[in-house]
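For reference, the structure discussed in these notes is given below.
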Amino acid sequence: MAGLFLEGEPNPALRGQECEGCGRVAFPPNPYGCEKCGAPAAMLVDRPLAGRGRIVAFVTTTHANRRDLSVPYTVASIALDDGPVIRAIMTDSTGESLAAGDAVETVLVERAADEGSTDRVLRFQKREAA
Amino acid sequence: MAGLFLEGEPNPALRGQECEGCGRVAFPPNPYGCEKCGAPAAMLVDRPLAGRGRIVAFVTTTHANRRDLSVPYTVASIALDDGPVIRAIMTDSTGESLAAGDAVETVLVERAADEGSTDRVLRFQKREAA
Amino acid sequence: MRRPLRDYRPVHVVGIGLHRFQPLSETTYVELGLTAIREAMADAGIAFSAIDSAYCGTALLGMAPSRAMLRHLGASGLPITQVENASASGSTAVRQAVLEVASGMADVSLAIGLDKPAPIRLAHEAAGVPDLVNAYASPFTHFALLADDYMRRYGVTAEQVARVAEKNFRNASKNPHAHRQKGYSLAEILSGPNISGPLTRLQCCPIGEGAAAVIVASDDAIARLGLSRARSVRVLSSTSRSERVYDPGADPDTELTRETLAMSCAEAGVSPGDLDVVEFHDGFSIEELLYVEALGVCPPGQAAGQLARGDFDIGGRVAINPSGGLLAMGHPIGPTGVGQICEIARQLRGEAGPRQHPGARLGLAHMVGIGSVCVVHILSAAD
Amino acid sequence: MRRPLRDYRPVHVVGIGLHRFQPLSETTYVELGLTAIREAMADAGIAFSAIDSAYCGTALLGMAPSRAMLRHLGASGLPITQVENASASGSTAVRQAVLEVASGMADVSLAIGLDKPAPIRLAHEAAGVPDLVNAYASPFTHFALLADDYMRRYGVTAEQVARVAEKNFRNASKNPHAHRQKGYSLAEILSGPNISGPLTRLQCCPIGEGAAAVIVASDDAIARLGLSRARSVRVLSSTSRSERVYDPGADPDTELTRETLAMSCAEAGVSPGDLDVVEFHDGFSIEELLYVEALGVCPPGQAAGQLARGDFDIGGRVAINPSGGLLAMGHPIGPTGVGQICEIARQLRGEAGPRQHPGARLGLAHMVGIGSVCVVHILSAAD
């Protein structure tokens, strides 16, 4: 997941790309070329996307098809304020606090990694009303 | 390797097949159909092939591409007295005693199998002059 | 200039054969395949030596499976090719066989779909373009999100979505080749183990083993080999597309399906409303609703309602997934798309027995392969 | 009636591209493939949007690799299909692209060969037909037996067989896309680690990674897109066959090759003696000798002697494996057969630089895939 976001509190930005050929803004970034116009990677410039958006849909998965995934987990489709619609994992693993239309934001979460260490992964959480 | 030969000293016979459709004699046997005429398996009848023939070519392999194969081993192309040309493993793993044209015969050899047991595998060996 | 299929000589499905789709067993892939192929040859009434080329749609068997199987039909020297397009592998095999016959490269061509369950390695996971969800976005989570979005957008309930599975299990209960032949009730479907969001286990297709075979032939070959013209089924169009860039938030598989269906209908010269039987890629219940609407046979958001009133039943306005679809007929990957063609041909011949859709004259088969690609065939009954 | 390729509209190779064949590296398969495809597009002078269909020959990448790569060229919606025929996967991709253009289904089609080393699972090992040798008959043991038989039959020495590798390393030393670019001496080849029988390590092809791309187009497309006619190379025949039953003791690959070469020459209307450049499937040194004789350009048993006197060198009677062949150019599986077409096209254009065979007008590419299948293409220079 490293390389997909820019650290920075409170809401890490997503590392999007903008194509100098056709103007498409896309996430996740890729090192190859523009999916819309075929421009080479050199024409894809970094374009941070604010870590804020709204839930379009969300589901809680209770069945794991791989041993390395612990259930339940909740994945949402999120329309970013900056345009793209992405999918992300929510901090609320049961989804009980969530509703479609909710404003959400990025947050970094510590997760156990190999050999007792931890790494920081990007999740979305419900945004508290200011 | 079970199913490929008929036990019986001194030279186990090979379990060949003869096609009632086209007369082709083939080894190894298959449960599906005749490669020459397409007759179904029901038309492939057992046809034992005497475990005797002559070496057409042979090579000693000194490089293993799998951990479960120990080198050196020697494989020969053998023209069976009963017609088919087959490939088999020779008892002489270095091939030093062999020459093309040698008369050879089948022999069962004990081989270490799982958990300390042994199984009997078919090899060919040079036939001693009577 | 590129030319559509109808500008070429006619291509007909002349033989169909299946090995039942079923859970993994000790049966070798060779036995599965030969069963289907021999049935198709018997159905057509032709010998293996009359077949000019073979395409095998398979995704999981490993390298070079086909000749080790086909040789047992009498090794004739014919060209053999494996094709892979994920879930659309079998449909692609059919398409390649159809193109060969249409163009005159072959007079008779064989399409096989064949697989046994094995660990699936998705090449694109090594493409070096990770996203935020990766393995968390398993197929069932992906389609559950589409279901959640659809239900929310149109005020449809989870029960209405599950009715897709109810109908398809009912169809498959009359299909001896189906993986799931038991007709589950709506209550059973809804009460089964939950998988993701609104999707329960019985709204997710089973992946087992099986085989399907289709023989296609030219008019020349039908005449020369004395095949039945009345039982032949004409292939009107064969269309393959891959995903483009769609509007943010649009489901790529649905948009790709919409495009491919429209192109295939245009190439066949048929209106979607004229279709009598349709086999859709219903890997998950929600997909059938999305694709029915993408076909244009009902307005957006109304598929669930029309399904509930029986429009998509056998005997209804248009029979959708009369075989039972992926949900009940099963989805052994390679065989699935070839099996769809077998079902459509059977329906258009009027030989579908207890699951016959009355008066079926025009049929469509649709598969999506992860990646994504989409393959659609439209077939018509003999005149 | 079935029709050979020359009865259809002409098909031309208009663009070629390669990623170097090399040992396994961290480079993703996407990067390998895009490098080759972009080079082929630049070579042809056409945009991705002008390509009507794509076939990817691959055996080891896993499911659905192609769209995750091609999308980065601008997702155009084109039909995409993976094809697999073991070592002949790439050749088969070329063939499918050629058939589409010949028949008019496409005006421009792309054939890609693409692989990275991965464990090879041979489907036929699960066919349920074991023999007495199974894993002991690895490819190098199999070909060593053929070498032993050949040497014995014709009084040829191990040194004479090894000269195949010496020539091919010499050719590859001038090929920047080759896996092995060092020109090994005959002494080095013979003294290298012994593998099986007369075969040493340097007489066995290296299996690495790589990519190759070929773009084929119709006359229409060449005119419409303003491509270079002088640099286009005509595809005269495209022939695919599978193994039949041969006489006891005959090598099936050689007999299959003999049949396929003869059929391809007949379809192209050329005599084997007219060929200027040939790329053979020389996975092991002995194969080149067997296949040269199967082609009929020298009598049985005389290939080794004619090789020794330089007949098959670049500049000799017919240049065999000017790229370096599988032994030196390498054999990454999927890319190999596509890479052969790149080499033949380069030679027929007169663009092969230091390894140019003078006056090359007619070329042939040949691959065998385990199983066995054989695919042959014959190409000619522009008029």
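The first chain written gets the first letter, and so on, giving A, B, C and D; residue counts start at 1 in each chain.
Everything below uses one rule, namely that a contact is a pair of C-beta atoms (placed from the backbone, for glycine too) under 8 Å apart; a residue touches a chain by one contact, two chains touch by 3 or more.
Small disclaimer: the values here were computed from a predicted structure and weren't measured.
In the assembly without chain D, touching between the remaining chains still links all of them into one piece.
Greatest centre-to-centre distance from chain C is found for B, with centres as Cα means. Distance between chain centres (mean CA atoms), chain C to chain D: 34 Å.
Between chain B and chain D the centroid-to-centroid distance comes to 34 Å (mean Cα coordinates, whole Å). Averaged C-alpha coordinates put the centre of chain B at 44 Å from the centre of chain C. Multi-chain contact residues of chain A, defined as those touching 2 or more other chains: 30-32, 35-36.
Listed for chain C are residues 30-31, 69, 71, 75, 128-129, 245, each touching two or more other chains.
On the chain D side of its complex with chain A, the touching residues are 30-31, 34, 38, 47-49, 69, 71-75. For chain B in complex with chain D, the residues that touch the partner chain are 1, 3-4, 24, 27-28, 30-32, 35-36, 56-63, 65-66, 68-69, 73, 75-77, 79, 83-89, 100, 122. Per the touch definition, chain A reaches chain D in the complex via residues 30-40.
Interface residues of chain D facing chain B in the complex, by the touch rule stated above, are 128-133, 135-138, 140-141, 144-149, 152, 193-198, 201, 245, 248-249. Touching chain D in their complex are the following residues of chain C: 1-3, 7-8, 28-31, 52-53, 59-71, 75-86, 92, 96, 99-100, 102-107, 116, 120-129, 220, 240-245, 256, 259, 369-373.
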